[in-house]
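Structures are listed in the sections that come next.
In the two complexes that follow, chain A is the common piece, with chain B as its partner first and chain C second.
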Partner chain A sequence: MAVLTADRPKTAARAPKRPRRFSPVLLAFVLVPLVVEGFWVFWPALQGFYLALTNWDGVSAPTFVGAGNFAEMFSDDIFKTAALDTVIWLVLFGGLSAVGGLALATLLQKERRGVGFYRAALFTPVVFSLVATSLIWQVSYQPDGVVNKVLGAVGLGSWQHAWLADPKTALYAVLVPALWRQLGYVMVLYLAGLKGIDPALYEAAKLDGATAWQQFRNVTWPQLRSVNSVVLSVIIIDSLRSFDVIWSMTKGGPYHSSEVLSTYMYATAFQSLRLGYASALAVVIFVLAFGVIVTYLVRAFREDS
Partner chain B sequence: MKTRTAGFHLLAGGLSVLWLLPILLVLTTSVRSFSDIASNGLGALPASFTLDGFGQAWGDGGGGHAMLNSLLVTIPTVLLALLLSSVAAFALSRYDIPFRRTIILVMLSGNLLPPQILLVPVAKLAELLGIYDTLTALIVVQVGFGLGFYTFVLQGFMRSIPGEIQQAALIDGAGVAQIFWRIILPMTRPALAALGALAFTWTFNDLLWSITVLRTGTVMPVTPALLGLQGQYVSNWNVIAAGSVIAAVPTVAVFLRFQKHFISGLAIGAIK
Partner chain C sequence: MTSAGLSRRRFLRNASLAGLGAVGSGSFLAACATSANTGPVKQAAGAVTVQSNLSSPEAKKAIEALAKAFGAKGGATATVNTVASETFRTQLPSYLTAATPPDTYTWYPGSLLSGYARKGLLLDVGDVWQTMGDYSAAFRALSGDGAGHQVFVPTSYYWWGFFYRKSNFAKWGVRPPTNWTEFLALCETVKGKGIAPIGLGAGGTTPWTASAWFDYLNIRINGAPFHRELLAGKRRFDDPRVKKIFDPWRQALPYFDPNGTAIAFQDATTVLLQGRTGMVLTGTFFADAAPKDALGDLDFFQFPILDPAVPVAEEGPTDGFFASARTPHVAEVKEWFKYVATAEAQELYIKNSSGTVLPTNPTAKDNGTPLVQKGRKMLADAKEITQFFNRDSSDALQPTADAALIRFIQKPTELDSILSDWQTAAQKVWQS
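Coming up: the complex of A and B.
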């Protein structure tokens, strides 16, 4: 949000004053979308929270079990793996895409010959679906694929691997395509942020004899504060939503080694048909995302006023 | 200075090549023949050129049919979502609707929810309404889920349109619907273009909602169908690669056509 509002004129005109009676058309303008969202988002969400407290196979009526589903998680090894992998994913996917995205943006910040092409190259994967992304990478990951071929060619033949079939490497093998696609996106966010920094600040820093690192440390970084918080929210929300890429590459396997909460939740719901337990897993994801959602809303509220 | 410029190009160029390499690899794999891949290996240099992979992915693999499904879902979803969100954004940004800020934030918060919490109830709701396993279900759920975000962005944009224009129209006797359709909506076009390009990509690329409300292979859009293709053509990598290329074409086309809008949209679309 901050990224765009930064360069939008601040002349937000106040809505014209009018009598407190609204035409039916206007009421419909607000109510119809609200009802649609209420019916397909808020109403199901409430049901989801309720279902988390039940056992349900989707056929017979749900039976109320209170916090039973949440208690079960403590003795569920797959849940523990999925929770741990979710944290690993948050740290690696989130951390690397933030640091990498900022590094790429700083590298490609200045308008110069060829920079448009470089940006476009790094950005291209963003428009692919995660399923297409995962298939693109599976071609390289196959035992006779390019990754192993290159390793063999540079004398690292002993590193050759069935990357997606080995429980030790599966999660990280999935992480690479996810990063490949996310980095360009974060780069665009940071490029927009860098563009908003007043060049005069750099001029002043240069006059004071600041080195490149000092300029970054004392000018760029503080100026990027609002972009950083946007990126942070994006990354956390995206990490918790990461489903497509894992589902299409490994389905959480082998032996749940690449299982994260979102894939485990989907499998529990639609393959094991344990709808109550799956809803409880969804609630855990919600709780993890809750802090970010609130922070985001608070900021949106503040900028909105 | 010379060496620094050369260093920059070496670094940025190297990264670009690294980034484009997987795409190049898929493109070359998609035009190789099955026997070439089988005998020389996936990682070998291509020794054949054929469009058979595309033929199979499009025909027997169901890619053509899936593409039709995708367009039947994506186009109505984008149009409906933008229409509904722009009327809501119009009313909430241009009139003193009571609790307008609360309404906007509640709508936005719906879009920030992790979709997982909605999956089971949405599937059951679709069954209850008798639309489970139909494209209609996919359209309505994607419209519902996207609305909050689109409304939030559009109302922010509409608020920056000066009030005088609306006043003048009001004096000329224009009604609410006319002011919306004739004055505010045309002025919102840049934002609509950005959101339209993004919404198209998001809807077209969706996997999770599709596999939640759809079950039969023949109604699947391209993205989930691609997963099916992978199961159907195990180790026919030319067909799978061709399928991925086909699946990427529409979003790449939209991106190229609306490049500027797309990028600026992403910068606002910071929460997706």
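Coming up: the complex of A and C.
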């Protein structure tokens, strides 16, 4: 107590300095981005929430329908397909890119001759635009494209297929180029994480006679915790917004078989011009992404502290 | 912040569209940054801005030549602003509701046109029509808003048919059919030669080509008036009369290229020209992608008659211009419209484009090839002209047709559920 009271005059003495901390320049640096952000990010987002409660064709004034758009989703079969496909996409795209990226990173982490070449090669797809990527893959998936030719050449002619035209395979065929691109990205994130692990930990583990698996399980994995939360956030966001690759390859077809929430939202908004219902879909996507990530991060940080 | 740069109304609209993107995608800033740039274009002082979706090289060249010739006449000038078709279509509501919109737009008549006209967004160009001479009554009716105003100026149209290579038909020893039985026999013969008789090109991002089959079977069996009522939402897709048109389609299905729903329309054109399919039901626009040396070898025949009692209708999609009601350049826009409606302007356009479109001005000459003469005669002889699925209905209804028709081609046995699903999907579009 005594210490506290003794301190007080000091703080009071410092008080005149305060205005300098909030100098106009500093204020501007905080407030201008805040205003810009509010203007271009928060306000439009709020508008999106408002539009979700209306019917709007993009031209006339929106009419308020309350939760009508959300109620409609329960009886909308295409929404159910899109939601299911989104979950499949989240699990496969997210799961495979995380597992694959980690595997590649562990494989390529040791400095060996030529390892840089493999890292660069695996990272290259990340550089290409996903639309360009999907156009190339679209050609490969053609009935007389590379994929079918290779299958024929290795004696798997019976597997030849119109990959993007068959509702059974369209979603998975689109998944491959997305994954092909995402793997290198996740690999780089994990490589950065692996580089940050203190080699002394491995030396200690080796002295204790730990096998490679035990080293991974007890040293690498716990040390990667912070990278994992970054990777998880990235892949959830990326898989929920996986739009370009699907739109440029199949537009969600044939008959909605490769429809995910993001393509359905776009088609509803800009093809059917039902901007209210599309906004409601956007809200669902937002809640999914935000909900999953916040839940995970809150838990992760709580464990950390 | 000048009033021209950022009006509140326009800002609200862009901002809310941006909001839609922002909420949906994870990348909030990216979504906003792109949306912020998609507002209306800047106006060159005095010049009429022609917002054009004619982005294929030849059509782009042709409309630019048109604008140049217009400027050279003295008086008003025009600047062409070419926008990718998909962007153009999705941005059209934003353009038209902006405070400073582009002045005039390439578009087509149909439900979207009358929809915008009803909302008062389109310029009444009735006085332009006064100067246009003896345009046919069909074009006049097509360009109206349904309430007695003319809001559209048609400049060109084209026809659909079964296109084939003359040399290949000669090689296979077949002749164009005149009725459905002959058509199926022709398919059988071609199939016997190991060739897929009917190409489609409804794969990738062009599933809409399948709608041509739906349109033609419906106007051949149920007639054009029923077809229009159906597409306007006055009939149901699960109507027994609609169901009936899938019977002849089912007869033709075994002759469809098995890759028909796997390859896009551009690839279907290539496959046809290479002689790997026998024929394709398409519009003349496909010639834009054909090499010049193949053009002379192309011919077409009319979609076979199925019921002689039904008056013959043909698809003759029309293109032209409309203008924003808020244009600050009313006089200049009307001058532009009067110009594009002249025979001189339409001949100039045809000369600069791939040349397979027909002029709407009755005194304008087409490019004169036998193919074009034949197409023009077919449309002139038709009792009724339809546009195309999305033009007679709406762009919003097109995806419902795509889903239904591709599913029918792949799974013809599921017709009943296909049609009821289609009706459900279409109802949502009509109600919104």
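One rule holds for everything that comes next: the second predicted complex is superposed on the first by the 266 of 305 C-alpha atoms of A that agree within 3 Å, B and C clash if a C-alpha of one lies under 4 Å from a C-alpha of the other, contacts with A are read in each partner's own complex, and residues count from 1 in each chain.
The rule is short, and it goes like this: contacts are C-beta pairs under 8 Å (C-beta built on N, C-alpha and C of every residue); 3 or more make two chains touch, one makes a residue touch a chain.
Keep in mind it's a predicted model, so treat the numbers as computed, not measured.
Colleague: With the two complexes superposed on chain A, say which partner A:Tyr118 touches: chain B (first), chain C (second), both, or neither.
Modeller: First partner only.
Colleague: Is A:Phe243 in contact with chain B, with chain C, with both, or with neither (first, second, both, neither)?
Modeller: Touch status of A:Phe243: both partners.
Colleague: So, does A:Trp40 touch the first partner chain B, the second partner chain C, both, or neither?
Modeller: Both partners, chain B and chain C.
Colleague: Looking at A:Ser140, would you say it contacts chain B, chain C, both, or neither? Reply first, second, both or neither.
Modeller: A:Ser140: touches chain B, not chain C.
Colleague: Where does A:Val283 make contact in the superposed view: on chain B (first), on chain C (second), on both, or on neither?
Modeller: both
Colleague: In the superposed arrangement, which partner chain does A:Gly196 touch: chain B (first), chain C (second), both, or neither?
Modeller: Neither: A:Gly196 stays clear of chain B and chain C.
Colleague: Tell me which partner A:Phe49 touches in the superposition: chain B (first), chain C (second), both or neither.
Modeller: Both chain B and chain C are touched by A:Phe49.
Colleague: Between chain B and chain C, which makes contact with more of the residues in chain A?
Modeller: Higher number of touched chain A residues: B.
Colleague: Which partner does A:Gly100 contact after superposing on A: first (chain B), second (chain C), both, neither?
Modeller: Neither chain B nor chain C is touched by A:Gly100.
Colleague: Taking the superposition on A as described, I'd like to know which of chain B and chain C A:Gly68 touches: first, second, both or neither.
Modeller: neither
Colleague: Following superposition on chain A, which residues of chain A contact chain B and also contact chain C?
Modeller: 40-41, 43-45, 47-49, 51, 58, 138, 142, 237-238, 240-241, 243, 248, 262, 265, 269-270, 275, 278-279, 281-283, 285-286, 289.
Colleague: For chain A, which residues count as touching chain C in their complex?
Modeller: Within the complex, chain A contacts chain C at residues 40-41, 43-49, 51, 55, 57-60, 77-78, 138, 142-143, 162, 164-165, 167, 237-238, 240-241, 243, 248-251, 253-256, 262, 265, 267, 269-279, 281-283, 285-286, 289.
Colleague: Under the definition above, what is the set of chain B residues touching chain A in their complex?
Modeller: My answer: residues 8-9, 11-13, 15-17, 19-20, 22-23, 25-26, 29, 41-44, 84-85, 87-88, 90-97, 101, 103-105, 107-125, 140-141, 143-145, 147-148, 151-152, 156, 159-164, 166-167, 170, 175-177, 180, 201, 204-208, 211-212, 222-224, 226-227, 230, 237, 240-241, 243-244, 247-248, 251-252, 254-255, 262-264, 266-268, 270-272.
Colleague: Chain B touches which residues of chain A in the complex?
Modeller: Those residues of chain A that touch chain B are 1-5, 8-9, 11-18, 20, 22-23, 25-26, 28-30, 32-34, 36-37, 39-45, 47-49, 51, 58, 104, 107-108, 112, 114-115, 117-118, 121-132, 135-140, 142, 144-150, 180, 184-185, 188-189, 192, 230-231, 233-234, 237-238, 240-241, 243-244, 247-248, 261-262, 265-266, 269-270, 275, 278-279, 281-283, 285-286, 289, 292-293, 296-297, 300-301, 304-305.
Colleague: What part of chain C is in contact with chain A in the complex they form?
Modeller: It comes out as residues 15-29, 32, 35-36, 89-90, 93-94, 96-97, 115-116, 119, 121, 203-205, 207, 258-259, 261-263, 267, 395-396, 398-399, 402-404, 406-407, 410, 421, 425, 428-429, 432.
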